[in-house]
């Protein structure tokens, strides 16, 4: 039981690799690199996202950041954040694969600057191409069932639908669709990526049968990111355990927990 | 940090007594007494509810149940479940105090058989009288602010508003009222009692600043009550840690986590 | 049908008096008295609330306001807004009965300055006394079932539970409780009073089987109060007609409206 | 004002054609053709959907149905319900154009039999082709912003995002997305198509700034479809008027409608 | 003279004044009003035989918009 | 004999019986119980000097699971 | 004779029949219909010069209620 | 000299320079980088035999935190 709740005996499998933790954590927006490292440790995450950006040679930032990240010992998940076309995403993915020496890629193709949502059309094109080039693609997608089916059809072995737009903390905006999605796609892992703001929302995602959660802002922008990382870690274990334990049926009407039989003070003549 | 999340350094205080756990658990509806005991252990609860009912002398049930309960080593919280008047509740409280040798009482005065809600009028009468008799009263009440203020005024040092009707698992039906209640009553602990169905709802209650959670059905009626007890325990720690860590501000519009500065492939002439 | 939707054949009965309109409108907060009068006309309301306040003799405001109100030809519903005890409410009710020459009173006893909610305890005391003095009491109450049953027991022939705190426009905050209330109290009219912000919320109240709606802020504080009054009037008729017409059953899964039988282009061999 | 609320002075414009009514109604699922005709009349709809299906020559149903539809005098909106590819939809659209002698088409390309949702990929292909062939395409789409922008880019002069899956009556499942959609797409009409179950939901759509509503099941499957058609007609007028009148700002905290100044019974010494 | 309060404002009146006299002194004659003395409603019929005492608190109210 | 009710079941007992006697007659001796007579709690210390009367309604309760 | 399918039902027709002839053979003359052959719409104007081949799949549709 | 752009900044380099030379000229030698020319990824193995042309747009990226 303990094991299950701690996910020791209950592993997450992505592209045939197994993970103890169901919490994927981002590395941006922290007040300091050391805070980031502490938060990563507190999160017990094994898989962390990072990115590539133009920098001046003078900026040694990239290199020092890179050192700290390596020291966490976590598996790396480079993203293609900010790319607006399949072509951009594919090329940034190749650059990431070379630099980080990993086939893993969080595939992001932004379709709109306003809500930062995935572009369903470019996303499928990029996913198909990257799969064919041997990448392990984790696509950041919407909760659109048809899109998700297409991504699976082109070879994605896990999907990452959004809960809400990036950085909003709105939580699971459309539980109805997310529920349908989970009911329809049972053969590959589904990870809620983006939009979560508080631990209870992460727990709710796992309770619905989602396999994991990826987030960044909710931890990095907390007053105490290290404690918040711990909070999400606990919430994800809680939600998973709740899912495995089988939630009670929700009832429309009240039902006493304490037995009615033998209620004192009741007497025939009190009828 | 770990400590905070584990509530070791972060104690719950009720009537000047401190508790490590913020999870109060009921003892009804389990498939077997042994399952109950395992669930209590898994919950890490220190404070468990129980009741009194008419039984035949032949039924040794009461006594064996009583043995098992004592062996859990938990503090006991007898309830007045099913009482429909202040008089009934007061007398059952006295019987509990004698039998269980404790001043603690979960005060329940049911006002309606349909939704099993507390009767605000009888509840205040009973609470006032029991406080004057030296009981440590934990009233099961609604989220009505005026009722809660009256209960505090008559001397209750903690309140237990419902999340939803008993046994429904509907969760926090009125977050707006529960939020107002927490904002208005900051000097005594507030415990969500009844109506919770899944761990994420318990986490949400703690995130809102509620001090603890009391439940029974959601654990006892789970497919696996022991694992569910563990799930709620983790969720409550998660919600508490989230509250202490300071949740991010919810935003209406999207905001990228990965920095935009230095985005590759962008060029003047691409404007 | 037309008749029903227009409520011609479908009258609201309060204390044995009948009304064509199910819209009770307040007279405060308008930008001008003439705007108020136009809004009242557009609302097609027959029953409007007003109040009594201390004023200087120099202020002829009271008298001119009074003139305009009388010219609307509407039945008057004085309120006891702002009263904080049964005694205050009872005396203000008596002053209203004399001055407005009407037994009707919207009984308001505020229990908290923060959320302006009714005080359940003082409210029952005041209602009982005023009923015994021959008033036609319309109590502004919460959605607490036990409170509502007590108010009915002391003789109220209609109740006015809140949708949300006064002036918030939050709508029907607790549809679960409001639904239970309607299911339990079927023998007297229930009117949603306070908290509504938009016409769709008023329609939803009527669809749930509530008999009428009372509001003020949502109309008076609209950019165009006259048009908004019309909007609410239409919404209330719409909700009532929807209730009478019998809403479709909500379904969890999709079901085609256009028949599947005879779908073109489908062929055996396309299987 | 009255005019606005009645939409006389406030016309809906689709592809340069104007409509008084903002209610598009379906013609399926009625208990009888006469009930359908009465419901259409009660709805005051001017634009009704219908379809084409394989039938035997013996079935004169098609022809008699066709007679009754023509007698309603409404403009016809044939749909491509049930089509699963752009090719199927394009050919059925051509068949509809010839048979009904109209360039209007409600473009439906179903992407999944489970939730009957639109297929974003096939939908854009079909819309582009049909626009190029001179059709007036009203695409049944999701609330995906990027999809909607693509449909606009290929020439659609109005869009019909779903509220919820067809026939569920779940209402506006994702108000956050629908709101973003309306804020981003302001230059062409947006019509909520499918998923609405009660009049209040239709009113809410109009209040959000949506231009019209298309539905069928909620009317046809009501206990009294004729009265329900009237109810939706009123609700749509109500929601539109509410939108035009400018809704009050929702507030977090209570604010009295009746003035506090001059409250009776208050005295210095009561401080 | 007696010191009373009318709508929370101090006022000096003749000893033995009745409520009717106060109303005209205070300038409310001929107006649409209702009155309470020390929180208790006083019907019009009782104005003239309601003798005021020191520190009486009088409420004189007029119609206003309400919700 | 007196006709009383124990946990809503009719019972005949000797006149002038006290509560202590009833408890053993009813078979609850040595058990973990609490008692009320006619809805009023009676402490253990009062069992022996609580004399029962006709139609008394006695509640004898034992521990049970509760929520 | 040719074996074709009309609305998914097998039908035998003369060789070299055109669509116009099929429609009357199938009993749809004078009816309000639209037609597709092998999934492709065929305008009325083309009925008479659309020669059918073996295994052609013909759709003949009529109006029906829709949402 | 050729006019090229590195990370969107104009730069003048020798004719016939290859990517390897540009990287050192631009000061990125020994750094953890990845490179694209005109939007197309160029593997490290191709730096020395990638000859640059006028108006080439070079992206040189380094690791950064990401979500």
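As written, the chains take the letters A, B, C, D, E, F, G and H, and residue 1 is the first residue of each chain.
The definition used in the following text is that contacts are C-beta pairs under 8 Å (C-beta built on N, C-alpha and C of every residue); 3 or more make two chains touch, one makes a residue touch a chain.
Remember, predicted model here, so these are calculated numbers, not experimental data.
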item	value
Partner chains shared by chain D and chain H (touch criterion as defined above)	A
If a chain touches chain D and chain E alike, it appears here	C
Far-end chain from chain H, centres as C-alpha averages	F
Chain pair repeating D-E, as identified from C-E, C-G or A-H when over half of the contact pairs by residue number coincide	C-G
Chain E and chain G, separation of their C-alpha mean positions in angstrom	95
Euclidean distance of C-alpha centroids - chain A vs chain F, Å	62
Centre distance in Å when chain C and chain H are each reduced to the mean of their C-alpha atoms	71
Chain A and chain D, separation of their C-alpha mean positions in angstrom	35
Multi-chain contact sites of chain A, meaning residues that touch two or more partners	26, 28-29, 51-55, 79, 81, 88, 91-92, 95, 114-115, 117, 166, 170, 216-217, 256-259, 262, 264-265
Junction residues of chain G, two or more chains touched	7-8, 36, 39, 59, 61, 64-67
Complete list of chain pairs which touch one another	A-B, A-D, A-F, A-H, B-C, B-F, B-H, C-D, C-E, C-G, D-E, D-G
Parts of chain G lying in touch with chain C, wherever the complex brings them together	5, 7-8, 36, 39, 57, 59, 61, 64-67
In the complex, chain H residues that touch chain A	7-8, 26-28, 31-36, 39-41, 43-44, 59-67
Chain A - residues contacting chain B, complex	1-2, 4-5, 26, 28-29, 42, 51-55, 79, 81-83, 88, 91-92, 95, 114-117, 165-170, 197-201, 203-204, 207, 216-218, 220-228, 230-235, 237-239, 241-242, 244-265
Complex contacts: residues of chain D adjacent to chain A	111-112, 114-115, 117-121, 124, 142, 144-147, 149-150, 164, 170, 173-174, 176-177, 180, 184
Contact set on chain D toward chain G in their complex	26-30, 36, 49-59, 61-63, 65-66, 69, 78-79, 81, 87-88, 91-92, 94-96, 98-100, 166, 194, 215-217
